[in-house]
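The letters A, B, C and D name the chains in turn, as written, and every chain counts its residues from 1.
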Amino acid sequence: MAGDRAASIDPDALSWYEATARQRVTALVDPGSFREFLGPTERRMSPHLPLFDLPRAFDDGIVIGRADIAGTPVLLAAQEGRFMGGAFGEVHGGKLVGLLRAALDLKPRAVLILFDTGGVRLQEANAGETAIAEAMRAIVDVRAAGIPVVGLIGGRAGCYGGGGLIAGTCSRLAVSEGGRISVSGPEVIETNKGAEEFDSRDRALVWRTMGGKHRRLTGGADAFCADTVAAFRQAAVALIDRAPAFDLAGLEAEQARLAARIARFGDCRDATEVWARLGVNDPATVPGMDTAAFEAIVARVGEADHDAR
Amino acid sequence: MESLTFRHTTKTPLPGTQPSAVTGVVASGNLEVLLERVLPPDACEVAIDTPIAGYGDVWAAVVADFVARAQPGGIRISINDGGARPDTVSLRLLQGARLMEA
Amino acid sequence: MTLAEILLGLFPDGHAVAVRDGLVTGSGPFGDGRIHVVGVDGDAPLGIEGALTLSRAVLDAVRAGDVAPILVAVDSDSQRMSRRDELLGLNEYLAHLAKALLLADRSGHPTIGLIYGHSAAGAFIATALATRVLAALPGANPSVMDLPSVARVTKLPLEKLQDMATSTPVFAPGLDNMVATGAVHVVLDPGKPLPGQIGALIAGMQPGDVRDRLGEERGGRPVARAVAAAVADQARLG
Amino acid sequence: MTEWRGERQARDARIAAGRIHAAGKIVPATAAVDLLEAILRPGDRVCLEGDNQKQADCLARALSACDPEKIHDLHMVQSGIVLPEHLDVFETGIARRLDYSYSGPQGARIARMLYGGQIELGAVHTYLELFARYFVDLTPNVALIAGVSADRDGNLYTGPNTEDTPTVVEATAFKNGVVVAQVNEIVETVPRVDIPGDRIDFVVKADRPFYVEPLFTRDPAAMTETQILIAMMAIKGIYAEYGIRRLNHGIGFGTAAIELLLPTYGEKLGLKGKIATHWALNPHPTLIPAIESGWVKQVHCFGSEVGMDRYIRERPDIFFTGADGSLRSNRAFCQTAGLYACDMFIGATLQIDLMGHSSTITQSRVAGFGGAPNMGSDPHGRRHPTDAWMKAGREGQIVGDPALMRGRKLVVQLVETFGDKLVPTFVETLDALELARKIGLELAPVMIYADDVTHIVTEEGIANLLLCRDADEREQAIRGVAGYTEVGRGRDRAKVEALRARGVIRRPEDLGIEPLDADRALLAAKSIKDLVHWSGGLYEPPARFRNW
């Protein structure tokens, strides 16, 4: 019926992709439960950006703190993808690392990382790169202490560069269709290897290769969310409860999982070939599917769910 | 980078008890506004860091109109500008004031 | 120094370290026991297969249970930039390698990085930066991005960047700057025997991650440690 | 004895010369240069079909590859200067004189070439003007056109982008001219006959499909709160106020935002069925939610839009389609519809001066006019009344007998006070005047003249220029919505407040609109993907607009 869909548009349904880091945090956790660490009033800003004549942000593009989610205490960090592409600078990285280390003391039920990053902030590249290494070490320590670290990915900057590596270190990942996870970005590949290797303007190709649906189908992410904060909240709660341990058995399983992926899909040129081999009947229709239809496909794909992280 | 500071006297304090609020994001054409209830109730100060020099007159006019309209007494406002247009600045200031009144 | 010179210096009595397609795996005698060697040689890019080969070697070492040290020797390009690597989830492969090294460290294997050539970006993070101590040899050239590329992205003149690089180690490529930020713990003396220097590093290993403290002391990362500490303080106060 | 058939004989000679390179009417792409050299004569008037969207690009490449010794001094008469080849021919001397209408992407180069004297400019026209002159004093000797397919008799299927083709062919074929069509494929039977074969002399099988630019796709993801606020004011302060049912929209983000607010904000205001029902408009993807929500009764199109074909096929009650099911567009008819049958044109511009003259010209670009001056003008030949038209007429009538009053078309400029990089929209003097002086144009390239503009809408408010009674009031009304631009800051505050008291200027609060409510949550679609969902998967956006 013409007209009936207009009535169903809910203006309160906050899009994860569109929301700022602060909006995501506020809407993700139990109302009123968020306590920020090093909030904007403390003005812990980058000491380096002024050298480049660039504006700074009061929180250096990352919001961190503690909150309750479904009644259980968590620590969380949210990157602001619109400030400097959510990239890791010195303060930004130091805040994430500090939060992860604090988790060892505080022993929250979980740590949530709301990724939205292009990787390392070039103006502070060495500090950013080192902070990423520190964050990965800290995540491993937190996981080994039995605290799940769950990544949520669906922002406009995606999860690129070192952010992709940090994500790969987490216990669990939830991703939406708009979320992208990758190390080299499309533009970087195109600049270095040419448009024949990767046409970065072919956005359908970009999302097919790095987007949320592909990552979910191939087991690169553990949950697929509609683009709403509510969906991410639901996924986060569920993933916390089924986070794998960090131990030799887990990494042996991951080794086997990743080896099997190369053996099975190593000769595929395009994601649609991968999906076909995963048993998806009409792979060309996957990008156009809505969440429910896509979830039904995922349920039939064995590779999608595993504890091998 | 250019730094600007404007000081105004207001007729009334900004209602509400919220001690601080932040709105907006530092991005191209956008800005971040931090509001703190730290000044005497009839004072308002707005400090701006902007990468685009030479628009002091426009900032002065935008801030003056905002102060006249919102009467943000007691509030110190700090702005990290990413090259926002004046209408965006006005909007963020009003959004910030509304958050403080909550 | 070349990898061959390093291996000769480390293992004057011979070793079982092989290099294939730029991937280094194997072990050699060290002190009373052995030391495992993994790494990337010849400025090779690190892709999904390479990462998996190295993580296999590291996990094998952990499974062996000998708590022998693991040396991660690196002269690499950045991660391999290709559509195929990203299609297959390069981030998972690189993170897996890093996790394997971090697991080894937690399992009692001292992990030592040794950068003797180039390394950059994801390859650097997944290898040398995933060790407990990272040593470098003079002439090593770790970088995130070279200055001309930084100039292109930041739209700043190259001369200005070169000038800034002399006073601001936080963004400029090169070994000195990575030392200043604390990522590289120490620069070895190629004139002295390597086994002693590596042995000393192992003996002097400290718990926890000391890199931000080093960066603060050396001035290359002036605020990171204090920021992390302030977070911990506020978290405790709750 | 008077010669009555000279043109006809010349045409026969051209056709005979061309036949050498053809099998029947069919010419391979490899022989296109030979064909053109055979049928063209120095000094010919040539229409090389360059529409707003569809481009006869294969023939453009062939023309630019002709030998300037053989083919030179052509007089190009075409609506769009879009491809580099369109200007290359002036550099080599193949062409010398130009009469055109629109030059979007080539605007900077055309300015340089005009300045350098490489182009002898007749005039920059509106579409309807140029089409009109095809039948009076700019009739082409040769037309080089584009279509999707043709059969061996030359029957031509243009595809959904019919655009200018019927007009160009009408003027050429019926006045002793030669018509050459490039097609993507030669078929046994065309899906429908857009141009009968006896008007087509040669059919060139192109080496690749003709180029179409997705000019009318606006990504909702890029819409700002300011644009949404302006759209809310326009809907409440103009659409609802005048009861605008028949209209044309420009291609900017502001009007796209209006399209996306109809099913949400418009619905809330209870305006469905009362406004925005009949359109002269390209098939904007952002109109899909309004169509799907039952707001839109019908749409006639100038051209088409990339990715909209399947959607249009499934909505024949809304769009004009052929027996084959695909869209039939027609620029000349749709421009006429926009001029005479619409009660409002609403669109954006780059500069507005103190009187309300507007221009999209900057000092280094000659973008041309296209159709906006036709839509954006009050047609004095109109004689049918509507409520909207009559209300505007009453507001604008200052003197005279009410019984002899006529209506007014609403011509609305929808602008943000600052454009990209903080460039002010409101200026003391249009750049167009300086440009005209620099390159010696007799007529300054003004897009919409002040006396045609009825309203200006900015984020600061709506200025109703119909209600201004003298030049000073008009100036203050414009300054009064010009925000923090120098023009805006130069206002007389007392006069502006007086105008506001009279309703000449209306602020958001005067309209009952809270600026802080201007939120992206109001958009019926926030992304291209949302538009695809609204269309039930029928809209197929080009790859560059996708993020899935």
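The working rule: a contact is a pair of C-beta atoms (placed from the backbone, for glycine too) under 8 Å apart; a residue touches a chain by one contact, two chains touch by 3 or more.
Which protein is which chain? UniProt says A = Biotin-independent malonate decarboxylase subunit beta; B = Malonate decarboxylase acyl carrier protein; C = Biotin-independent malonate decarboxylase subunit gamma; D = Malonate decarboxylase subunit alpha.
Here the structure is a predicted model, which means the values were calculated and not measured.
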So which chain ends up in the middle if you average the CA atoms?
A
Averaged-CA centre spacing for the pair subunit D and subunit B, given as whole angstrom
41
Compute the distance, rounded to whole Å, between the mean C-alpha positions of subunit B and subunit C.
46
In whole angstrom, how far does the Cα centroid of subunit A sit from the Cα centroid of subunit B?
33
If I count partner chains per residue in subunit D, which residues reach a count of at least 2?
none
Can you list the subunit C residues in contact with two or more other chains?
none
Where subunit A touches two or more other chains at once, the residues are none
Chain adjacency by touch: line, ring, star, complete or other shape?
other
Can you work out from the touch definition every pair of chains that touches here?
A-B, A-C, A-D, B-D
Which positions of subunit D touch subunit A when the two form their complex?
221, 263-264, 267, 272, 289, 292-294, 519-522, 524, 526-527, 529, 532-534, 537, 543-548
In the complex, go through subunit A and note every residue touching subunit B.
20, 22, 39-41, 43, 50, 53-59, 61, 80, 82-83
Going by the contact rule set out above, which residues of subunit A touch subunit D in the complex?
2-3, 5-7, 9, 11-13, 15, 17-18, 177-178, 201-207, 211, 213, 287-288, 290
Subunit B residues touching subunit D - in the complex, by the definition given at the top
52, 55, 57-58, 61-62, 83, 85-88, 91, 94-95, 98
Residue numbers of subunit A touching subunit C in their complex, please.
35, 37-38, 44, 47-48, 51-52, 64, 66, 75, 90-91, 93-95, 97-99, 101-102, 105-106, 120, 122-134, 136-138, 140-141, 144, 159, 161-162, 164-169, 181-184, 188-189, 192-193, 197-198, 209-210, 214-215, 218, 220, 246-248, 251-252, 254-255, 258-259, 261-262, 265-266, 268-271, 274
